[in-house]
Amino acid sequence: MSNSRFTRRGLLKSGTLAGVGLAMPTIFTSRANAFTNDPTGGTVTLGFNVPQTGAYADEGADELRAFELAVEHLNGGGDGGMLSTFSSKALQGNGILGKKVQFVTGDTQTKSDAARASAQSMIQKDGAIMISGGSSSGVAVAVQGLCQEAGVIFMAGLTHSNDTTGKDRKANGFRHFFNAYMSAAALAPVLKGLYGSDRAAYHLTADYTWGWTQEESIAAATEAIGWSTINKVRTPLGLGDYSSYIAPVLNSGADVLILNHYGGDMVNSLTNAVQFGIRDRQANGKNFEIVVPLYSELMARGAGQNIKGIPGSQNWDWKLQDDGTKAFVKSFGTKFGFPPSQAAQTCYAQTLLYADAVTRAGTFNPCGVVEALEGFEFDGLGNGKTLYRAEDHQCFKDVIVVRGKENPENEFDLVEIVEVTPVGQVTYAPDHPMFAGGALGACNPGA
Amino acid sequence: MTEQTCPVILAYALVLVGTGASHRMAGTMDAIILQILNGLDKGAAYALIALGLTLIFGTLGVVNFAHGALFMIGAFCAVALQALFNASTVTLDPTKLDFLGNPAKVETPYLVSWFGPEMGASIIDWSVPLAILFAFPIMVIFGFVLERGLIKHFYKRPHADQILVTFGLAIVLQEIVKYFFGANPIPTSAPDVFRGSLDFGVWLGFEANAIIYPYWRLVYFAFAALLIASVFGFLQFTTFGMVVRAGMADRETVGLLGIDIDKRFTLIFGLAAAVAGLAGVMYTPILSPNYHMGMDFLVLSFVVVVVGGMGSLPGAVLAGFLLGILQSFASMNEVKSLIPGIDQIIIYLVAIIILLSRPRGLMGRKGVMEE
Amino acid sequence: MLGLNRKDAILLLIVAVLALFAPFILNPFPVDSALAQFNAGYPDLMQRFVIFGIFAIGFNILFGLTGYLSFGHAAFLGVGSYSAVWMFKLLSMNVLPALVFSVVIAGLFALVIGYVSLRRSGIYFSILTLAFAQMSFNLAYSVLTPITNGETGLQLALTDPRILDSAQVGGSLPVTSLFGAEMRSAMTLDLAGWSFTFSVGYYLCAIIMLIAFYLSVRLFRSPFGLMLRAIKSNQQRLNYTGLESRPYTLAAFVISGMYAGLAGGLLASMDPLAGADRMQWTASGEVVLMTILGGAGTLIGPVLGAGFIKYFENIFSKINESILHQWFAFLPDGVQDFIVMILYPFIGKGWSLTLGIMFMLVVIFLPGGLVEGGQRIARLFRRTKTTDGDVVSTKTKPAE
Amino acid sequence: MGILEIKNVNKRFGGLQALGNVNLTVMENTVHAIIGPNGAGKSTLLNCLVGKLLPDTGTAMFDGRSVLGKKPHQINQMGISRVFQTPEIFADLSVLENVMIPCFAHRDGSFKINAMSSLMRERDMLDKAEHILEDLNMADKRDMHAGSMSRGDKRRLELAMCLVQEPRLLLLDEPTAGMARADTNNTIDLLKEIKAKRDITMVIIEHDMHVVFSLAERITVMAQGTPLVEDTPDKIKGHPKVKEAYLGEAA
């Protein structure tokens, strides 16, 4: 492990030291580091910050598996996974720039505060040079801000809010996962195909920032295909029982219910909605439908039979048939016994992308890495051709539209892919109003 | 001051209802009936949890932060039974392949192989109601063990110590459940008969879809009412119950009468655990159980108990229903558009109003947990 | 010394030495050793230790002295943080105005909530404070997002006005500082295999904690402190002795709210982000647990409790399976796997299980909290008759 | 003119007339006992005087100022101290601290934040507290945990807490209730000694005739919420109305 372990913004002013009551002994070394946590030994440390307690602990556990696998592959272990399908061939399976990859883990608790504390400890104590992971946008934005200030790279895990690469975008932060706008843009044409263009939508939205951007995006996209929006209702956080919000939906004049919820909220609201028999009934002469814009495997498992036939979008699915996906599913499945989730895939891909960028840049310096990632085009990581856009550090790639499978063959076979929406349909301008108000700023190497 | 309370609450409810009415006259009546149904259902859940909690408070004087965990354990009894029913023999089917290209595993539940496909499937289908039979003895015994092994040593300790030890216990219990069942919610569905919903509105002369209500929630409400009634009946009509009620009123005197209070306390704890557990079992189809559901209910259940008044069983039930109904009304769009965010805080707001206008909650007795 | 009796002065001195030498004390293991995992001497965690120490000291003034159990103290912590970040956004990156502002705002907030809640006592008081705090949390998370930035938490932005700091640094965010001394700057001392980090932010927090601790000792030993303890003991007698208890409890409530606000302001000064999670009931519960765990009503207990919980949260949660395997690598494979299997549920994602078990063990075997544990050890060593440490509740002598 | 003048005080609890037209004058520097059977209204009267209850009608003047409608702490600040039936002390604190609290209350009024001054620097208060403890023969117990003392000592401490405030009127609510004969006698002696040393008015509510006749200079007999007779102990002893009130019920 390296012995340079902490941000030093220049030397301390001697006055401050005197105030603390310490004289400055000559023993203080002033190593002139070019950037935070410059790995000097034979190893480099990455920090994987995932929820290990709280509602998203299982998702965090899956992310951790993917990180473990990625590190194994980077160090030349296992079958190499997506290293062999990745379009960039810079990585040799000998660590990163010849340094063996080590990792530390921490618990975000899905709270901004705890996540930042955990990331701080990785940066300050363990000398981590890159932080990755996370399962919510609040945490992603908070940790991204910290990494920007501390001068390390943040490779976001699962975060879907427009803000992460919109108004809260940061130079040191990168997102591989798709976002609410992309979900909506990919879903809308499919919804039009499934349910026609004369529909009235009723939104139930988790009352926090992710929910709002999701609601804004999907409402705009569905209105663009001719649907009307009857109502947008905000639901309190972590509410177990959604009955009082769902009960009025049937008689509201709407014929589609859009649930802008994620995780446990989504499981509960969907279960409640199905229980109320919404899908068994008709409104405006049409079958009442439910849409869940953002899907995840774990949510689908939690909702059980209730997801049958319900459309939504995903960043990735293990049933895709490209070589990257196959290679990843094979090595993940062999090691752990079940297929990976989309959270695992994005974390795995992010780790590889980071390692590759360092290798291509020839330096761990965050500014070099930023330069190498900006505008980087790649393929073979499971999502087809992908671009890391320079303007906002968002990946642009195909989006998967799925729906709950009617007759699942096994416990992992929960959704079927309806369509792979090509990247062209989900691309937007960097200054799109839903993403406006932020600035990347300059990359910060920390020194 | 105290006599003003009921009017205050009623007035508050009327304002909420009234705001709804003024906004959209048409379709208001059905919306109100719908929210009353919702409120009763929510209230039933709150009342059930609060009932056990207040029983422990009132008789044993213990602040039990692990009560939510008991509710959670009950829910996981249903999950465990479902898993037990689904215990399967595994055979390999070479005609099908799994995701890695190996022969797929085919699981046949033992129940299916023993009772045949139909009978077996319907037993599995009924796992939640059957879990009541399974959960009751488990919860009672669990309550006994807990009281004998831990809680009884804390009767004479300060409330702060009780909070610390029961909070620690709650964490330990939920972490154990998480270790075995994971953090993800686990779908547990009601029997097929109770799927879907009932169109109430048509009976009352409304148009179709105006008032629909899921069958299972109606079952839950009936179950809760029955359980509450049996607890009250038990305390009202048995000698044991009489002693317990006397103990709630004046613990020392009952102790002086030479009645062996200890044994009864153990039983009370078992009873409270069972009530919480059964509430948890029946709630699983409404809320897919997860390991932290107990903590999520903890704060709410304390609010309900205190609003009802410490040491009052009817108070707890009344407060449960009151808060449930008010919460349902507050989540109506008409009300929310008038007072943004009201549904986020209604429970706490009502708690504050009631506690300020009635010093000891709705039906609390003087001196209980006031020092 | 400083208006303290000898025992208190010694206690203060010990706390001061511990705080000032924390970077050494908390890093007992060489960097490359297997046990380095247990080192806690990095700035962020040390700052958390002392900041939550301040929070708990303040909470103890209310709960330890008057016996009023507030279950909503995290609201003041949160309000303090929001106030501080707003000062950073609007006025200046200097922490001093931010800290003053957060203390004042939290104090006002406490005055309002306390005035209403203290109309009731016992569990009714607890629920009232809980209700106020939960309302604040829920609103901060949703409706008040323009002020609080909701789920993400209030952050600095490049576009903030910052009236006093006119000279903006180019593309990166400015850093919190005290008259030019940046909170984030630090020095590293490498000694043989050890490495010690001294950060400006930590020492600012430590000095403020010492002041806060000193003030709380003075308060404990003052007539005012005596009145607060009298309230806990017998309110009726106090009233018939010519004293009104409500102003005293309200004063204690506001003082402890200001301590919480100070802690919140310091949190934001060290890391300029204020999240709504800080106001949730779990955060209020945490400070209650810290105080009881350490020993309610004792001077040093709350600080110990705060350190204990934060240590578990930050150190135990980071031990993962591969680290366990490293530790036991010297054992034969089968044994190694077995030991790792046994320990695995208690570390990493199981850190809260371990914490829960520790809560139960402490409260079962050490009814007076960690302080009592310390006293028992001290007694073992001294083998003399009991002298009651700093437990005020029983045999304190107001005069020497 | 008495130091305490009660005029036409009435108090009803629902249908029960607890106090009916009570008129009572307590002269300065006397020991005035109020006796009567259970339910005679003695405690209700006392509670009206200390601010716990508010009578429906009537006036109660202490040294020319009304005590009705005031809160307990305000009444105490006027110079009225109260001793409870079971000693009310600060059980968690030391004996010395118990006595210092009323000292501060006497000096600082009902509320003062003196959070930064140190108890051990409050020399005056310490002296005063120690003095009263010596006075009541409790100096050796000053560092004891008050809650762990005997009942007799608790009573003594409670009296010390009252006396240190130099009250002009001391209200004693059955000060010997539940005490053994020896303790009762000690308490009588103590009260006599207190009375002998200082100018103080005492109002004692008491069941125990032995106590009453050992201490009181004036006695008021109450029954059914109304004072029947008021006189010196000697006269009271043979008064027919008293016999009726006590014995009539028994017979």
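Lettered A, B, C and D in written order, each chain numbered from 1.
Heads up, the rule we're going with is that a contact is a pair of C-beta atoms (placed from the backbone, for glycine too) under 8 Å apart; a residue touches a chain by one contact, two chains touch by 3 or more.
Worth saying up front: this structure is predicted, and the values here are computed from it rather than measured.
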Chains touching both chain B and chain C: A
Per-chain CA centroid nearest to the all-protein CA mean: C
Reference chain A; chain at largest CA-centroid distance: D
Best-connected chain pair, where connection means C-beta pairs in contact: A-C
Distance between the centres, which are taken as Cα means, of chain C and chain A, whole angstrom: 32
Centre-to-centre distance between chain D and chain B (centres being mean Cα positions), rounded to whole Å: 52
Chain centre separation (chain A, chain D; CA means) in Å: 74
Between chain B and chain A, distance of the C-alpha-averaged centres to the nearest whole Å: 35
Sites on chain D at which at least two other chains make contact: none
For chain B, residues contacting two or more additional chains: 344
Residues of chain C engaged with two or more neighbouring chains: 138, 141-142, 352
Touching chain combinations (by label order): A-B, A-C, B-C, C-D
Residues of chain C defined as touching chain B within the complex: 63, 67, 69, 116, 119-124, 127-128, 130-132, 134-135, 138-139, 141-143, 281-282, 285, 288-289, 292-293, 296, 345, 350, 352-353, 355-360, 362-364, 367
Contact set on chain A toward chain C in their complex: 1, 3-10, 12-13, 15-17, 19-22, 24-25, 27-29, 52-53, 57, 60-61, 64, 68, 104-107, 111-114, 116-118, 120-122, 124-126, 136-138, 141-142, 145-146, 148-149, 163, 168, 171, 207-210, 234, 236-237, 439, 441-444
Complex contact set, residues of chain D against chain C: 50, 71-73, 76-77, 81-82, 84, 88-94, 96-97, 100-102, 104-106, 108-122, 125-126, 143, 145, 161, 165
Residue ranges of chain C in contact with chain D within the complex: 3-5, 215, 218-219, 221-227, 229-230, 232-234, 236-244, 247-248, 251, 255, 393-400
Chain C to chain A touching residues, read off their complex: 20, 31-32, 36, 39, 42-45, 48, 138, 141-142, 145, 149-153, 155-156, 158-159, 170-173, 175, 180-182, 184-191, 195, 197-200, 203, 271, 273, 275, 277-278, 313-314, 317-318, 320, 322, 348-349, 351-352
